[in-house]
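Look for chain A in each of the two complexes below; its partner is chain B in the first and chain C in the second.
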Partner chain A sequence: MKIKIFAQAAAAALVVFAAEHSYAGCGRVASASQFDSFYAPLWGCAQTNINDMWSRFAFDAADWGGDMGYSNVCDDSTPLKRTFNAMQLLAYGMTNAPTCSTSSSNVGMWAYCWAGDNIDEIYPTCETGGTRAKTQFGTFVDNYTKLYQPFFYDETVVQRAGTLFHEARHANGWCSHTSTCADGGDSCDPNFSSGCVGTGSGSGPGANGYTVLYMNWFATTARSNWINTAIRANAVSEGNYYLTRRFGTDPCFRMNSAGYTFKTC
Partner chain B sequence: MDAVGTGSQAALDAELAEFARTSDAVDVLQHTYASLPRQAAASRFRTVYIAGQIATPAAVKFLADVALSAPDIVAASAGHGEVTDQGFQSRYTASTALVHHYVAAVPNAAEAVEQLLGNADPEIAKGVGVELFSQGKLSEAWRSKLKSRNIFADFKAIEGAELDKLRTLDVEHAGHQGASKKTRVRVSHVAVPPASE
Partner chain C sequence: MMRNVMAAIFALAVAGCASRHDESSRQVVSVSHLSTPPVGSLSVSSDSAYEFLDFRAQSALRGRLTESEFAALNVHTNQSALRELYAHAESDSSHCDGGGDGYLVTSVLGTACFVVSAIADSQSRAHLEFLASLLSQKAHK
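Let's turn to the complex of A and B:
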């Protein structure tokens, strides 16, 4: 009987996360199932990395005080640390030497610097907002990227990294969304190769396309110690979710479980 | 213990193997999955992923139940970036795990895959087709099964120049902003408390 109870307890510990949860910002409990504990040791909450992120993304201490984590910056349950973990994945997930040159076709080489360059400033909110993040852009407006509660507590680290890259595309290309796709609600790109729409917008894939490409490159070229099979599965399913539900016209390709692409119409 | 979080792939494999040896592993996973709210998509994904590593008929049944479940659509009031099909990742992950079980000849997996091709929601069925095709296991009979549902089944790997075209972004000419356009002043050093973990 004792053995049975022990087995059940061990099993429960494997899949249930209560013991690993701690009170976090926005009144939410931080789940341990979002891979923060996988990535946190890989960059060690190093001060130099923090300084670089702080500068590159124009964080402001006033925005990240209290439960947001400024005074507890290495605690994986806070919004700030969960944002940092995603930024570090964006930087080092596919290379140990991220660059600002966008000459490589592999977005993982430059996604971090490019996102930092294009996101004007970044700040958090506890609002759910019906969204993960939003970016305001334009010539005569204050440009910013706002991260909502679901970004911190409903997304895995790799999803968060994809969201940052996605928002950077909004900031960079002034790419808006439409409401014509399975998900609707101002979350759609018209198609994969030309998805950047709106007044003064750029050309090429829109923000959803950037999410897909980030997941694809990550799933197929991530550094071996920055991914495991569960995280790859998470990245592929995220990419396929976007391919399935976020384009007005079906992009006609999907990824298999290894991240490789196949024509599907 | 964060089963699919902490440590290397080897650590993950060891934890999963240990867990899979427990006699009631699938029961625990089923119970956990059922108890998780739809919003806990990451936890539900993780639960299904773990079940996918257990090569038993009980795991096959659980995975098939998940993969065959109907899309879990939240009302379309969802805004920019909100996930409306909360169950997609779980269904997709369960379905690809079943294909892997089929390839590994796990009992009942072949029947489960066939059921998915015939009855899963079309996007999941298509994903199963892609996974089977990529493993060289999409038979003509199963291809026909997809086609009978008007689901595309003439899959083809995207490779070479075609893949390059798909994956290459011309970011230099595709946007507006850059480092020089940043309006908030950057700071070179921030007095953030040092690492304390």
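Let's turn to the complex of A and C:
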């Protein structure tokens, strides 16, 4: 899929900042409390950043046309811009110099590059049903990450960044979920430290563990101008919700209001 | 040998399954209080289970809302109620760092700070007061 990268990067460079008109994709109204208006000015919809995201995540203009936002790329109400805002948080929320080296235990140093390297291609849909995102991975199959309507309009920028990191873990480690946890469905990891299941899957924390790691590092080490009281509370809430509901075995720790962990059993 | 190789290839091929967030329940609301006791966070799921995290005692209290509690919660957290409440979000969320009547609410509309005494509209204020009361009840169980 990534053989298209250079052509797409060139296409991205030609993205025209169309005249502003307010509409939301999928017929949804964007909430003002999901932090897009907080993060948008921090990266300024810079073309160089857009080009970098476009190539790393193998966006395809054909997938993001119409209400998805390709022709209105700096409008925070569109799925495309809301995805961009999350990717920029993934990149710059904890550092002004994101790296591709995964040597740091702070995932915020490398989450953006790593997610881009592991997600083969990314595309949107207005489908609902509660699903936020889906990643297909494996040999002899088309690898992709599909973002659903709730990803764009029921998640904050912080949650979206966590979801991208989560999906990248699926793609990277072939980590599937089980149905054995409080939230059930196909949303569970067996436990925090060993959460990958499925044929050919890797070891270590699974996708839910990666969500928790991202929220924990973000809440405790975010750059001061990339976080505020509400945003930190959102990260802590998301991390704690995963810890409570998304593991077969309770990890026995939670985060306090500052994001630091404490034992609960 | 060849059979093993083919089996391995087949196993890898079928590893191409989808992974998604297909949860059968999800968070309805989370309410946090950071200044005066109770200092902690209450999270309620769509299956009516809740967890109160006491940030000072560093402990977790879990349970399930009664049917009437859960029904009341739904009245105060349906889309219409949430939109009414979120219209009164503080523009500066640091107002929830201090002061006793500030609450951070998380829902599908996002996370925002709300101050009870700053909400003049009685209906919107009732939504917040319900959430604050529920947090206080579950903190003291």
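Here, the second predicted complex is superposed on the first by the 242 of 265 C-alpha atoms of A that agree within 3 Å, B and C clash if a C-alpha of one lies under 4 Å from a C-alpha of the other, contacts with A are read in each partner's own complex, and residues count from 1 in each chain.
Going forward, a contact is a pair of C-beta atoms (placed from the backbone, for glycine too) under 8 Å apart; a residue touches a chain by one contact, two chains touch by 3 or more.
Since the model is a prediction, treat every value here as computed from it, not as a measurement.
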(request) Quick one: on chain A, after the overlay, do chain B and chain C clash, or do they fit? Just give me the call. (result) clash
(request) Answer with first, second, both or neither: which of chain B and chain C does A:107 touch in the superposed model? (result) first
(request) Applying the touch criterion given at the start, work out whether A:160 contacts chain B, chain C, both or neither, answering first, second, both or neither. (result) neither
(message) Let me test your reading of the model: by the given contact rule, A:118 touches which partner, first (chain B), second (chain C), both or neither?
(response) first
(message) One more residue to check, A:231. First (chain B), second (chain C), both or neither?
(response) both
(message) If we overlay the two complexes on their shared chain A, which of chain B and chain C does A:177 touch? Say first, second, both or neither.
(response) both
(request) In the overlay, answer first, second, both or neither for which of chain B and chain C A:199 touches. (result) second
(request) Name the contact category of A:82: first (chain B only), second (chain C only), both, or neither. (result) neither
(request) Between chain B and chain C, point out the one touching more chain A residues. (result) B
(message) Output check: A:28 vs chain B and chain C. Expected answer is one of first, second, both, neither. What do you get?
(response) neither
(message) Quick check on the output: what are the common chain A residues between the chain B footprint and the chain C footprint?
(response) 31-35, 130-134, 137, 143, 150, 154, 156, 163, 166, 174, 177, 182-187, 200, 228-231, 233-234, 237, 240-241, 244-245, 254, 256-257, 262-265
(request) Write out the stretch or stretches of chain A touching chain C in their complex. (result) 31-35, 130-141, 143, 150, 154, 156, 163, 166-167, 170, 174-177, 182-187, 198-201, 207, 228-231, 233-234, 236-237, 240-241, 244-246, 254, 256-257, 262-265
(request) Mind listing the chain C positions that touch chain A in their complex? (result) 9, 11-27, 30, 32, 34, 39, 41, 43, 45, 47, 49, 51, 53, 55, 58-60, 86, 89, 93-94, 96-97, 104, 106, 108-113
(message) Quick check: in the complex, which residue numbers of chain A touch chain B?
(response) 7-8, 10-17, 20, 31-38, 40, 44-47, 50-51, 54-56, 58-61, 70-75, 100, 102, 105, 107, 114, 117-118, 120-121, 129-134, 137, 142-143, 150, 154-156, 163, 166, 169, 171-174, 177, 182-187, 196, 200, 202-205, 210, 213, 216-217, 224-225, 228-231, 233-234, 237-238, 240-241, 244-245, 253-258, 260-265
(request) Note which residues of chain B are touching chain A in the complex, please. (result) 1-9, 12, 15, 18-19, 22-25, 28-29, 32, 39-43, 45-47, 49-50, 76-85, 88-89, 92-93, 96, 99-100, 123, 126-127, 130-131, 133-134, 152, 154-158, 163-164, 166-179, 181-190, 192-197
